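The following pair of complexes shares a single chain, chain A, combined with chain B in the former and chain C in the latter.
Right, the complex of A and B next:
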């Protein structure tokens, strides 16, 4: 065939470098609306669920049983299940129906029922519902800080810049697992240097992650993964009970947590039991509820290239974040994984959570270049800041971060680098030189940093952990070495665990360490003039565009 | 100097030999393979012959004066579980775990399954040279050394290109999984 020049050009476009696939329902390669999903049902005898979604209690697997026994409000289940799914779908977009009413219905429904409600909604209706159902009135955002060399000085400076930009939570991980304690400390120091009250986590293997929290090096955890089929959960060495137990371990130490799930993870792990991705994700959300966990990170996360390869991918991801909110769970709504070569496409995906707002619009905006992102790349990176700010300005939407001046970013970076230099010296960790402090202040990526001896760093990290070093040791070091302000902030973060108020649903801190959560900042959206509206003060910060023309310039 | 291994010579045959028992020899490094490795799947996600990859790993291990030992794990497709089983069977306590797609980890006996010494999660980025370096570092850990880790490679567009293929390859691993079958010592013929 003689080729059309236009079709040839189209083939070369970034979008056509992405992978795409047709649905394969039998193995679960389908986002939603699968003919193999169960039909909704709940039968209750003497307060016990004896049938759920067409399965009798004697046939329940361990996940079904856990959800049926702990995840569903049986006191209202008969009324909720008797309601037409289409009617509930309409209530979601009806401004006269309050959020609480829908939460009550969904918490008393079966997983298949909630899945069925979603099948009635188009994406604009989902966005409308998301705006109303988000648990916390004020939206917020989270950032990733990592680098390929696990360079602690750079990590600390990056965290400080991100906190200055207003991210409510910062997340790191390691390229090399043995770096974990150093990365956790670097992130914590940077977070509190940039903005008081910024929460920080270090995503690691579960025992390590818990220990970092117990030592006082992290203030929340997020990567407690749950799956919607028993096979995958058990293959990962878990049960519903082990997850609930881990959640309690964090709660007992006053550390905030949320679970992680997301459409596509089960089929990616090879066992979807022939169900749609959304149905399995709804099971994860009920499991989260059943474990008593306040929040979830979802929106596909790591499986997004697979979900986005199929029809209905974006719609299913919007649905899963919305369902979390309908179950009154905090949602950190994905947009944290690179999945497409097309800027058009990744921007459109983001808009589905950016415009309505979620508790965390992304569960990891890469505040670093994507090639330095050890989470394998985010949907946004440090080169996108001005796009993000401009979109907030264009739409008068709060995406959770504010523009900063270059000199302010540099000052925060430099201070954080000097602080970690001091902490390393006092803890007897390998030296951080003045040259490294200078490089981290101005760096774009790990390539701008003098290389460190990784083997020595990791050995020192292990020795430090063996010695029992904890958060208080670092507070003391900062206090004794002239960094009183940051010492006070770290101390306050440790105190907050004893107070425990930040374990409430959707909790974050303002700069005065006041908790902002779904309890004291309840989303009361009931149509225009209600819910979250930008204050004049906030809008003045969001519309800042330093390069823009000012009337007085002319 | 190390010589390059000719891909065409690396035709692989992987046969079950006997039930794997904990190794007694401190100079062995276990290479633990996933259920479909070398049987249903012969090439990695970027079409490198799996025989070539194993040869490079072995060459790296032998260059450091240690001995490779092959086992296969059948009761899981999860790389962490595969490698952690391997490390507990390894005389030195060190194991290189591998899935057929090429995803690799260096594991040590006293670590919990999801922990590791070095992880290589982005299989499409690894060429033969990287696998030799992995073998070399595994052997160094087995000797009690603290080597400089193999360089970290990262391409954030890898998942968008390969995740579907990776999922389909993982289905194959799942088909060969047998929950009740114990790890086996394997005979590997190149």
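Right, the complex of A and C next:
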């Protein structure tokens, strides 16, 4: 065939470097609307669920049982299940129906029922519903800070810059697992240097992550993965019961957590039981509810290249984030994994959570270059800050972060680097030189940093953990070495664990360590003039564009 | 006996009912300050959330319509009495294919008798039964 020059050019566009596939419902390679999903049902006898989504209690696996026994409000289930799914779908976009009413219905529904409701909604309706159903009234955002070398000085400076930009939470992980304590400390110091009250986590294997929290090096945890089939949950090294126990272990130390799940993970791990990705994700959300965990990170996360390859991918991801909100669960709504070569496409994906707003619009904006992102690269990186800010300005939308001046970012980075230099010296960790402090202040990536002796760093990290070093030691060091303000902030974060107000749904802190959660900042959206509206002060910050012309320039 | 706390009236507890919050060692939250940390008057052992505080936070969630979170906080309240390393060990024992039924039941017994952790004990007993039915115990 003689080729069309236009078709030839199209073939070379970034979008056509992405992978695509047709649905294969029988094995679960389908985002939603699968003919193989169960029909909704709940039968209750003497307050016990004896049938759920067409399966009898005697056939329940451990996940079915846990959800049926702990995840569903049986006192209202008959009324909820009797309602038409289409009717509930319409209530989601009806401004006269309050959020609480829908939460009550969904918390008393079966997983298949909630899935069926979603099948009635198009993406604009889902976005409208997301705006209403988000648990916390004001939206917020989370950032990733990592680098390929696990360089603690750079990590600390990056965290400080991100906190200055207003991210409510920061997340790190390690290229090499033995770096975990150093990365956790670096992130914590940077977070509190940049903005008081910024929450921080270090994503590691479950037991390590808990230990870092117990030491006072992290203030929340997120990497507690759950899956929607029993087989995959077990392959992931957990059961519903072990996860529930782990959740309470964190709360018993005053540490906030959320679970992580996402469409596509079960089929990727080879056991989708022939169900749609969305149905299995809904089971994860009910498991989260059943464990009494306040929040979820979802929106496909690691499986997004697969979900986005199929029809309805973005729609299913919008649905899963929305369902979390409908179950009154905090949602950190993905947008944290690179999945496409097309800027057009990655921006459009983001808009589905950015425009309505979620508790955390991304569960990891890469405040670093993509190649430095140890979480396999985010959907947004440090090169995209001005795009993000401009979109907030274009649409008068609060995406959770604010523009900062270069001199302010540099000042925060430099201070953070000096602070970690001091903490390393006082803890007897390998020296951080003035040259490294200078490099971290101005760096773009790990390539701009003088290399460190990694073997020595990791050995020192182990020794430090063996000695029992904890958050208090660091408070003392900071105070005694002239960093009183950051010492106070670190102490406040430790104090919050005794109080427990931030264990609640969608909790974050403002700069005065006042907790803002779904309990005291309830989303009361009921149409225009209600819900979250930008204050004049906030809008003035969001519309700041340093390069824009001012009337006096014209 | 304090009346049950209410999400609207009493939350955030530190702002609205600060007198209710004590550390695990019975100190007031405001004693957690730099001076006391430097002098050693406040140690990490003081800076632990108490079972009472978690019970208050459970009441907040109950009145906020989240009985499951309240139940989680009540399990957590019991766990404040269990040392860090023991919690980590028990968690690992609850992972699939790690423990025998007898081992899980022994942990439940320990939780009940040593730590007055009846709610957690009952969770682990239930797990032991379910693990047996679903072949999630350690295969010998």
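Couple of notes before you dig in:
In this text, the second predicted complex is superposed on the first by the 554 of 554 C-alpha atoms of A that agree within 3 Å, B and C clash if a C-alpha of one lies under 4 Å from a C-alpha of the other, contacts with A are read in each partner's own complex, and residues count from 1 in each chain.
As a working rule, a contact is a pair of C-beta atoms (placed from the backbone, for glycine too) under 8 Å apart; a residue touches a chain by one contact, two chains touch by 3 or more.
Given the structure is predicted, the values throughout are model-derived calculations rather than measurements.
Contacts of A:374 after superposition: chain B is touched, whereas chain C is not reached. Within the superposed three-chain model, A:122 lies out of touch with both chain B and chain C [touch as defined at top]. In the superposed pair of complexes, A:463 makes contact with neither chain B nor chain C.
Residue contacts after overlaying the shared chain place A:251 against chain C, while chain B stays out of touching range.
Look at A:207: by the touch rule set out above, it reaches both chain B and chain C.
Contacts of A:16 after superposition: neither chain B nor chain C is touched.
Partner contacting the larger number of chain A residues, of chain B and chain C: C.
Contact with chain B, but none with chain C, is seen for A:341 once the two complexes are overlaid on the shared chain. Using the contact criterion defined above for the overlaid structures, shared-chain residue A:293 touches chain C, although it does not reach chain B.
Judged by the touch definition given at the top, the superposed model places A:27 against chain B, while chain C stays out of reach.
Taken together, the two structures place residues 206-207, 237 of chain A in contact with chain B in one case and with chain C in the other. Chain contact summary for the complex, chain A toward chain C: residues 61-62, 65, 70-71, 73, 100, 103-104, 107, 206-207, 210-211, 214, 216, 230, 234, 237-239, 241-242, 244-254, 289-294, 328, 470-472, 475-476, 479-480, 484, 487-488, 491, 494-495, 497-501, 503-505, 514-515, 517-520.
Interface residues of chain B, counted against chain A in their complex, comprise 76-78, 80-81, 112-119, 121-122, 146-149, 152, 154-167, 170-171, 173-174. Taken in their complex, chain C has these residues touching chain A: 7, 11-15, 21, 23-24, 29, 32-34, 37-38, 43-44, 47-50, 53-54, 56-57, 60-61, 64-73, 75-80, 82, 84, 87-88, 90-92, 94-97, 120, 123-124, 126-127, 130-131, 133-134, 136. Those residues of chain A whose C-beta lies close enough to touch chain B in the complex are 17-19, 21, 27, 29, 148-149, 175-178, 205-208, 235-237, 267-271, 302-306, 308-309, 337-341, 370-374, 376-378, 453-455, 458-459.
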